[in-house]
Amino acid sequence: MAKDDGVTIIVMSGDMDKVMAALNIAIGAAAAGKETNMFFTFWGIKAIQKGNPTGKGFYGKMMGLMNRGGINTIGPSRFNFGGIGRWMFKQMMKQHKITPLEELRQTAIDLGVKFWPCEMSMQVMEIDVDNLIDEVEKSCGVATMLEMAFHSKVTLFI
Amino acid sequence: MAKDDGVTIIVMSGDMDKVMAALNIAIGAAAAGKETNMFFTFWGIKAIQKGNPTGKGFYGKMMGLMNRGGINTIGPSRFNFGGIGRWMFKQMMKQHKITPLEELRQTAIDLGVKFWPCEMSMQVMEIDVDNLIDEVEKSCGVATMLEMAFHSKVTLFI
Amino acid sequence: MAKDDGVTIIVMSGDMDKVMAALNIAIGAAAAGKETNMFFTFWGIKAIQKGNPTGKGFYGKMMGLMNRGGINTIGPSRFNFGGIGRWMFKQMMKQHKITPLEELRQTAIDLGVKFWPCEMSMQVMEIDVDNLIDEVEKSCGVATMLEMAFHSKVTLFI
């Protein structure tokens, strides 16, 4: 891979459509042979969770109740209506043969996209590394993420 | 126009204020003589629609009902309250002589900003090229958008 | 500071979590010795307000009612529930010793991060320079912001 011309994507959103956009861009970049790093922070952490509710402490549990983890449970940024938006979006995606989130994520992994969990977010949301999918890199902070960004051609905040 | 120092803007949001920000940035870049490309995906497609409700199939029609097209019908990302937010925002913009979205879009076109519709989004939302304004380029995918981004100085995700 | 390798952050969101992310990234960049500029536009203006309700005219007052200023009053982009989300988020941040927004902002200022208020936003939202914290630079427009972006390595839209 060439140097300093990769892609860094900061995924803060936990919305299904935005995570889908982020993964699609990452896959496109990796397919074009670029070094591609995704930094998952705040709600974005959902996209790399195993599916079990987050949080061990009191606040973490409340957060988990409102925010039950796993890439299959997240809804779009608009028109969620208690899950109907997600259902409809999935129906439309299925009807048009659009790859579901979990498969997109696997494709990204297969293409060598690196997934970095934000350390501070894991701490605040009381998420353990055991709650994350096995393919994630070591959790890191803003400094490490910025180091990647400084060596990228394109950095996006999603 | 100089090479590799342009601006690429990925517009995923269909919110009035964000589309306005995107267009303002694009206009500023084009006015500064930079090659400027906007890639409209997901809800962002609204900003380049002709105004007729989207979608031919069942899901597309439901999407259209919730998401009646056209740049004049979209509301801000906050405080929409069933349209009141949009009305107030428009009143404030009028009072302060801020250019409405449709004129902003025309200015961008006049300055040579290129509008690219996302192929996959058109497919999922069942939007035909006939539903888009005449000035759009050929619909394209992530690979083409990334090609632009790799030759830009600034790439934004809005 | 080295040239053309800094960071420009456009802060459009007024959500607590997003402003926090923006400030954290800015602090990380400044701590790494990079020239760091933040451009606050639309709802992002809240993050550099003194805390008094915005707006002198009728629309500005309505905007102020819905959008009472000050960095301590803003809620997260999800699960706000009339302030409960903000309260819980603050509790979790406190419990985990995460720096509150006001201190983050001060740290950014101390590290030399420059805060630029968007002129058009101040006009539309009827916000006076007196309503902003003393540390802000002169208000400016898209052209000035883009000039910074063209001389940055990383430009983010948050």
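Read from first to last, the chains carry the letters A, B and C; within each, the first residue is number 1.
In this text, contacts are C-beta pairs under 8 Å (C-beta built on N, C-alpha and C of every residue); 3 or more make two chains touch, one makes a residue touch a chain.
Worth saying up front: this structure is predicted, and the values here are computed from it rather than measured.
Considering every other chain in turn, the ones in contact with both subunit B and subunit C prove to be A. The pairing of subunit A with subunit B is characterised as different-residue: of all residue numbers used at this interface, under half are used by both copies. Here the C-alpha atoms of subunit A line up with those of subunit C after a rotation of 120°, rounded in steps of 5. Centre-to-centre, using mean CA coordinates, subunit A is 24 Å away from subunit B. For subunit C, the set of residues that touch two or more other chains comprises 155-157.
Contact residues on subunit B toward subunit C in their complex (touch as defined above): 5, 7, 17-18, 21, 24-25, 27-29, 31-32, 34, 77-79, 88, 91-93, 95-96, 98, 153-158. Residues 10, 12, 14, 41-43, 57, 59-60, 62-63, 66-67, 120, 123-126, 141-143, 145-146, 149-150, 152, 155-157 of subunit B are the ones touching subunit A in the complex.
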